[in-house]
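Two complexes follow with chain A in common, the first pairing it with chain B and the second with chain C.
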Partner chain A sequence: MKHYDVIVIGMGLAGLMAAKTAAERGKRVLLIGKGIGTAHTYTGCIDLLGYYPAQSSSPVENPFESLRRLIEERPDHPYARVGAPDIRNALTSFLGLFGEKGYHYLSQGEKNAITLTPSGCTRATYLFPSTMEWGGIEDSRDILIVGFHGLKDFYSAYIAHNLNSLRKERRLPFGARSISLPLSELSRRKTAPSSVLARLFEEEGFRNKIAEAVRTGRTGEERVAFPAVLGVERPREVRKELEAKLGTPVFEIPTLPPSVPGFRLFQTFKRDLKKKGVTIIMGFSVSEALVRDGKCLQVTVSSPPVQRSYSAEVYILATGSFFGGGLEAKGDRVVEPIFNLPVHQPVSRKNWFGDQFFSDEPHPIERFGIMVDERLNPVDEKGRVVVGNLHGAGSILSHSNALREKSGGGIALSTGYKSAKGELH
Partner chain B sequence: MDLKTQVVIIGGGITGLGIARDLAQRGIEFILLEKGNLANGASGRNHGYLHSGARYAVNDPHAARECIRENRILKEIAPSCIEDTGGIFVSLPEDSRTYRDQFLRSCEEIGIPTRCLTPSEALELEPNLSHDITGAIHVPDAAIDPFLLVFGNAGEAGDYGKEILTKTAVTRLIRARGRITRVEARNLVTGEPLIVRADFVVNAAGAWADQIARLADLSFELELSKGSMVITNQRVSHRVIHRCRLPSDGDIVVPNHTVSILGTTSLKVGDTDNLTVEPGEVSLLIEEASRMLPCLTGTRYIRAYAGVRPLFKAGSGQDSRELSRGFVLLDHGVGDGVKNFITIAGGKLITYRLMAERTVDLVCHKMGLTIPCKTHLTPLPETKAGVHGRGEYLKRLGQEADEGDAEIVCDCELVTRGELEEALRVLPTKGLGEILHLTRLAKGTCQGAFCSYRLLGILHAMDKVEAINSNAQLKGFLEERWKGIRPVLWGDQLREHEFIGEMYMGILNLDKVK
Partner chain C sequence: MEGQPKIEDTTDYCIRCATCMEYCPVLRVTDRFPGPKQAGPGGQRFRGRDVPHVDRCVDLCIGCSICELVCASGVDIYRLNLMAKAKYYDEHGIPLRDRILVNFSRWIGRLPWVVPFMNRMSRSPLMRWILDRLLGLERQRPLPDFEVPTFRQWLRRRSDGLPITAESSANGRVGYFYGCFTNISEVDVGKAVVRVLEENGIQVVVPEQDCCGIPMLGSGDLKSARAIARKNLASLKAAIDSGMDIVYSSSSCGYMIRHEYANLFGLPGAEDVSEKTHDICEYLMTLNEKGSLKRPSEIRRRLVYFAPCHVRAAGMGLPALDLMRLIPGIQVEPIDEGCCGLGGLYGYKKEKYEISMEIGKDLADQLLELRADAVVTDCEGCRLQIRHLTGMRVVHPIQVLRDAYPET
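Up next, the complex of A and B:
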C-alpha cells in the first residue's frame, strides 16, 4: 500500500486548493477525484461574499467588511471556522497561480465587482478573469454583444434586452445592442458547445472571420462582448488579437455550463500541482475508508476488478455537496457516503425545502453538510471529533448559504487552504 | 372590448375545446373564455390513459360501455395523440380469483375484447413485470397525450386571440328576464375588461363549474377528489399495467412518450387551486406499483403532480337530466329558469367528445336546428410538433439535421430549435406553459435545467418578448416546474436539482432579480 503525507479526496476548487497548499509545504500529496471537479459548472469568477445576509438582494460593497460581520454573527459558518486572516492568505495563494503577464485574475481593490450574467442581469463577485476586465457597469461605453447561432447556451439578444431594461430601471450609463453570427457560415459546424467554440477561437482563420463579421455588424459601440469562449489555453492572446483587429476593448460574459473560464482554472491548478509533484488519480472515486479508534488508516479506490488502497497521515475530504457526490440523499435522510460522517439535517424530508424555488430564505437543504470544528475536523451533534486525522473542505461543509451569498468560491479556497496548511495536523 | 357571438364557452379544457370543435363543425359561432392556459385543470393533470373500459367493467358497466365506444372512435380520429400500447391486467398471488373471473365475464358482456396470458407470456411482453404474477389479461387500452388532444381540438375549432381567449377570466354573468344577457370577463395579463353578448352560455369549467354557476346565482355541488401521480425518468413498460382487482391506490402504470406515470391516490379536497403532492403519497404510490413492477423501487423519478376529478353530486335539488354516471348535462332553463345557460360537468378525458356531442345537440335543439354531429367521423388535424412514437420523430430529426435547424434545444427530449420556433409561432407566447406541452421541452430527466434558459434566449432571438423584464418570466416558468419536482427530490434527481440551482441562482443570479 502506497503511503502519502496527505490524501485529498475531491477535485473541485477546495480539493485543488488543499492539494496545492499541502504540496507547497513539502508534503507528499495524493489527489483523488472521480471527475474533473465542478469548476466548469460555475462562472469562473471567484465569489467571496456577494450578498449578506443571504436574503439580501443588494450587493455587498466591501466583502472584507461584511466578512467580519458574518464571522461574528454566524459562528457555524465555514468562513467563521477559517477566520479572516486565512481567508486573505488563501486568496493571495490563489492569485499566485497566475503570472501577471498571462491570463490572470483581477479585483476592484478590496471591493466587489459587478459583472454581467448570460441573462442580462448583474451579479456581485470578487475576483474575475482578466478577460472580463472591460465588462464593468460603471463604464459608459455602449456594448455590442456578439452571440452565435449554433451556441445554445448564450443568447446575445436576451442579454441586450435585459441590460437595456436595467439601463432605464437602474440608470446604467451604457446601452447594449446584439448581433448573432451563424456558426455555419464561420466554420464547418452548425452547432458547437462552448468548449468546442473556445478551441475554434484559438484558430487564426476563425478569428479573422469573426473580426470581419463583427466589424460589419458594429454601429459605433465602443466595447464588444463575447461569450466566455475566447480560447482555452491562450485566452490572453486571443483577446488581444481580437482587440487589435476590432480597435475596441473586448471582454467575456459567462455562459451556461460548461464554463470555459472554469475549465481554464482547473487546467491551471492541474499544471501547477503536477509541477509540485502531486500524484493525481482522476476518474476514480474513493469507495470506502477504514477508520479505527477515531483515526483513518486507509482509503480504497475501486476500479473493478481492481481495488487499491492508499494510506496517509492526514486526509482531506472535499467531495462537494449533492451535485459533486459528497452528500447523498437517500429516501428520507442525507448521508456522507465515504466515512458516514454525521450530517447536519432536519428530521423529515418534508423540511428539506421551502415552498418556492426562488424563495427569499435559502432552502434548509442548502445548509446541510458535515459539521466541523475550528480545525475543520468533522464533529458530531455534540461537538465531539469523529475522525481526528480527517478535515473537511468546500461545499460539503454545513451551515453555509453559498448559493444565496455568492460565496462558494471563497469558501472552497479558504477551507481548502486551511485544511491543508499544516499546523492543524 | 365588446363582442357578439352565438355561444360562449367557459373553460379551455378538453370539454370546452371539444364543444368548440363540434360547434365549429356544425357552423355555429362561439367564443371560448379560459382563465389560465389551455388544459390548465384536469385536462392537463391526468394519467394520459385511454380507457378500454376494462377498469370499470365490474362495478360501472355503463361507464365501461362509453369508454370502449369512445376508445374506438378516438383511435380513429386522433391517431397522432394516441400510442396504441394495449394494456395488461396482472394478478398477484393475494388478488382474488373471483374478481378476475368476474372481470372476464363483465368484459365479454360489454364487448371489451380480452386475451388471457400465462405468466411467462406476460413476462415475455413485459420483462419488468414481477415474477410473482399468477396470470394476466390483455385489453385494448392505450396511452393518450391529453395536451395534443386539447391543441388538436383547438386547432380545428378556431384561432387564438379571436375565438379562443386564454388568460381571460369570467367575472360576472348578468341575468335578466330569464336569460344571461351578458358575460363580463377580464384579461388577466392586461387587465382589460371584456363584454360578450351571446345566445347561449355553456359552462364547461370542470372543477370550477360550481363557481361559474354561482355567478348566475345558481348552485350545485361538486365533489373534488385529488389524484396524485408520479413520473419515472424512463419508460418501464410498453403497455399500460394494472392490478386485476377493484380500483385502488397505486394500481396503474401508464407509459407516456419516454416516461411512465404511476397512479393514483384519491383524496377529497376543498380547493382546486393549490394542489400539492405530499411525500407520503409518493412513497405509497411507489410501494404499491412496485408490487407489479419491482424495478420501480430503484428507479429515478422526475416529477409528481396532482389533478382534481370534479365529480358531480346528484340530488342537489336540480331538475337535471342525468345522462350517465360519468357526466351530467344541466339545462338551467328547466327548473332554474335561465333559458340560455347549460352546464356540462363531471366525465372523463376519454368521454370528452361524447360530452361535447350531447352538449351541442342540446344547444342545437334549443336553437331549433337539426344539424347532426360529425366529430366522430372526421380526424383531428395533426399537430406536427407532437408526433407520437420516437421512431417517426428520430427520422424527422435526421432530415432536419441534413436540411437545417436541427440544433437540439432540449437534450433530454430531443426538441429542436426548428420545432420550438414553429410552436412559438403558432401559440400565444405570453405564457410559456403551453410550449412544453406541445413540444415536450423541459419534460425530461433534467426538468428544464438548460432548456428553460434556451427557451427564453430563442424567444428573444425571435423578438417575441414583450415583457420589460423577461427574467421574471423565466422565474415564473421555473417556479411552475419546481412544484412538480419538489415531491421527488432525493437521489439523482436531487443532484440534478442542485445543478439547476447553481445555474439559475449561481450563474444567472435570478434569486437577486425581482
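Up next, the complex of A and C:
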C-alpha cells in the first residue's frame, strides 16, 4: 500500500487549494477526484461574500467588513471556523498561482465587483479574471455583445434585451446591442462548444475574420463583449490583439457551462500541483475508508473490479455537497457516504423542498453538511471530534448559505487552505 | 448472469454539465461527432432494445474514455458509446476491412513465415494504393514493420538452449501477457521485460494466449471479443492457480484483461484474474516498495513521458513515471494529458485518418518543442502515432529501465 503525508479527496476548488497548500509545506500529496471537479461549471469568478445577511436584497459593498460581522454573528459558519487572517492568506495564495503579466485575477480593491451574467443580469463577486476587466457596470459606455450562431451556451440577443430592460429601470447607465456571427462562415465548423471556440480564438486567421465582422457590425458602441471564449492558453494576448484591431476595450461575459474561465483555472492549478510533485488520480471515487479508534488508516479507490488502498498521516475530505456527491439524500436524512460522518440536519424531511423557487430566503438544504471544529476536524452534535486525522473543506461543510450568500468560492479556497495548512505534524 | 455486463445503467446520472464536451478530442477537431454528452447519455434515450439504431455518429468515438474520467457524476459515457457502436454494427454488419484489421496481428503471429512478404507489401506504394481504394485502409498511415523471429519464437529458442539458472528464478515466477504487437512488431519490448524480471530474480513464463480482444471492441464486434476473452481467461486462470501473478507490458491489453473481461462481459473468473494481473511498471514499483527491486545504474537521458488513455483509465496513477524516476541520471517530464489520436485501428481507417492526425497535432507540437532524447509511453498505439507525427524515438518504459541494468 502506498503511503503519503496527505491524501486529499475531491478535485474541486477546495481540494485543489488543499493539495497546493500541503505540497507547499513539503508534504507528499495524493489528490483523488471522482471527476475533474466542478470548477468547469462555474463562471471562473471567485465570490467571497455577495450578500449578508443571506436574505438581504442588495449586495455587500465591502466583503471584508461584512465578513467581520459574519464571523461574530455566525460562529458555526465555515468562515468563522477559518477566521479572518487565514481567509486573507488563502486569497493571497490563490492569487499567487497567476503571474502578473499573463492571465490573472483582479479585484476592485477591497470591494465587491458587479459583473454581467449570461442571462443579462448583474451579480456581485470578488475576484474576476483579467479578461472581464472592462465589464464594470459603473462604466456608462454602451456595449456591443457578440454571440455566435453555432455556440449553444451564449445568447447575445437575450443578454442585450435584459440589460436594456435594466437600463430602462435606471439600474444601469449603459445600453447594449447584440450581433450574432455565423460560425460556419468564420471557420470549418457549424457548431462548437465553448472550449473549442476558445481554441479557435488562438488562431490569428480566425481572429482577423472576427475583428472584420465586428467592425462591420458595430454602430458606435465603445465596448465589445464576447462570450468567455477568448483563448485557452493565451487569453491575454487574444484580448489585446482584438482590442488593437477594434480600437475599443474588449471583455468577456461568462457563458453557460462548460466554462472556459473555469477550465483555465483548473489547468493553472493542475500545472502548479504537478510541478510540486502532487500525485493525481482522476476518474475514480473513494469507495470506503477504514477508521479505527478515531483515526483514519486508509482509503480505498475503486476502479472496478480493481480496488487499491492508500494510506496517509492526514486526510482531507473535499467531496462537495449534493452536486459533487459529498452529501447524499437518503429516504429521510442526508448522509456523508465515505466516512459516514455526522451530518447537520437543520430541517426535517418534509421541509427539504420549499414552494418558492425565487425566494430571497436561503434554502435550508444549503445548510446541510458535516460539522467541524476550528481545526476543521469533523465533530458530532456534541462537538466531539469523530476522526482525528481528517479535515473537511469546501461545500461539504454545514452552516453556510453559499448559493444565496455568494460565498462558495471564498469558502472553498479558505477552508481548503486552512485544512492543509496547520497541525500537519 | 454469465456474459452480462455488471455495470449499472448510469445514463440518468448525467446532469448535462457538459464538462466532457470540453475534453473530448474528437469533438475538438470535428463537428461531425456531436460530443460525448450527446452521443453518450443523450443518445442513449433513443436506443431501446427493440428499436433500430439511430445515430451512426457513435462510430466516430475514438474510445479514449477521457469523457468518463472527467465526469464528476459517474456516467459511463465511453461504455455507453461502445455499446451503441456494437448495436450499430450488429444491425448493419461489420465491414470486411474491419474484420481483416482486427484479426491481422493474430494471423501474423500464427504464420510468422509471411512476415518478409508482408513487410514488402506494406512498403509498396502500389499495394498501399490498392488497399486504400479497395479496403479503405489509409495509405498515408505507415504500417508497422513486422519482425521475425517473433517474441514467441525468440523465447522458445532461448529457453531451449538456456536453462533457467538459480539466480533468474530466486524470487519466483510470473506469467507474461505480451500481446500481439510485442510478439510481431516490437519484440524488443518483450525482451526487455524478460531481462528486467530476470535481473530481479523472477522467471518469466508465457501462458497460452490469444489477442486480448480490444481491437474487436473498437470495431464494435463484442461477440468475437467475448469469445477470445473466455479463451484467455481459462489459460490465465490456470497460470494463476499454479501460483503465478500475471504481468503485461501493453497498457491496452492490460486494461482489457483487468477491467473489461469483468465489467463488460461479466465472465466467471474474470475478477480473480484481474486481482492477480499487473501492469509491469506497477509490479516493479511494488517490488521497490518492498525494497527488493534491483537498483538501476545511472544513465543520462532527457525523456518525456506520455500517459496513454488506458493507463489513466486503469486508475493506478502513473507507475511508469515513478519507475523511471528511480533511475539516477534520468530527467523525465510528464506531458499534459490528452489523446494521441490513433485510437488503435481508428487512425488506420481512411475516413478517420484526418481526424486522427488533427487530434495528434497538439501532442506533436508539445513534444517537438521539448526536444527530449526520446518519448516514453506504455502503449504501442501511442508509440506508432508519435513516431508518425514527430519522427522522434519512442520507447516503452521497460526499455528505459533495461538500459539502466548494465549487461554482465
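Throughout what follows, the second predicted complex is superposed on the first by the 419 of 425 C-alpha atoms of A that agree within 3 Å, B and C clash if a C-alpha of one lies under 4 Å from a C-alpha of the other, contacts with A are read in each partner's own complex, and residues count from 1 in each chain.
Convention: a contact is a pair of C-beta atoms (placed from the backbone, for glycine too) under 8 Å apart; a residue touches a chain by one contact, two chains touch by 3 or more.
Note that the coordinates shown come from a computational prediction; the quantities given were computed from them, not determined experimentally.
Within the superposed three-chain model, A:222 lies out of touch with both chain B and chain C [touch as defined at top]. In the superposition on chain A, A:118 contacts chain B only, with no contact to chain C.
In the superposition on chain A, A:41 contacts both chain B and chain C.
After overlaying the two complexes on the shared chain, residue contacts for A:180 are found with chain B alone; chain C is out of touch.
Look at A:237: by the touch rule set out above, it reaches neither chain B nor chain C.
In the superposition on chain A, A:322 contacts chain B only, with no contact to chain C. In the overlay built on the shared chain, the residue A:313 is in contact with neither chain B nor chain C.
With both complexes superposed, B is the one of chain B and chain C in contact with more chain A residues.
Of the two partner chains placed around the shared chain by superposition, chain B and chain C are both touched by A:191. Of the two partner chains placed by superposition, only chain B is touched by A:157; chain C is not.
Overlap of the chain B and chain C interfaces on chain A: residues 41, 153, 190-191, 257, 323, 325.
Residues 279, 283, 406-409, 450, 453-454, 456-461, 463, 465, 468-471, 474-475, 478-479, 481-482, 486, 489-491, 494-495, 497-499, 501-503, 505-514 of chain B are the ones touching chain A in the complex.
Contact residues of chain A toward chain C in the complex are 2, 33-38, 40-41, 153, 189-196, 199, 257-258, 263, 271, 274, 279-285, 301-306, 308, 323-325.
Chain C contributes residues 6-7, 15, 17-19, 21-23, 27-28, 30-31, 35, 68-74, 258-259, 262-263, 270-271, 274-275, 289, 312-318, 334, 336 to its touches with chain A in the complex. Partner chain B is touched in their complex by these residues of chain A: 41-43, 51, 57, 59, 117-123, 149-150, 152-155, 157-158, 161-162, 165, 169, 180, 190-191, 254, 256-257, 259, 321-323, 325, 328-332, 349-350, 352-353, 356-358, 365-366, 403-404, 406, 408.
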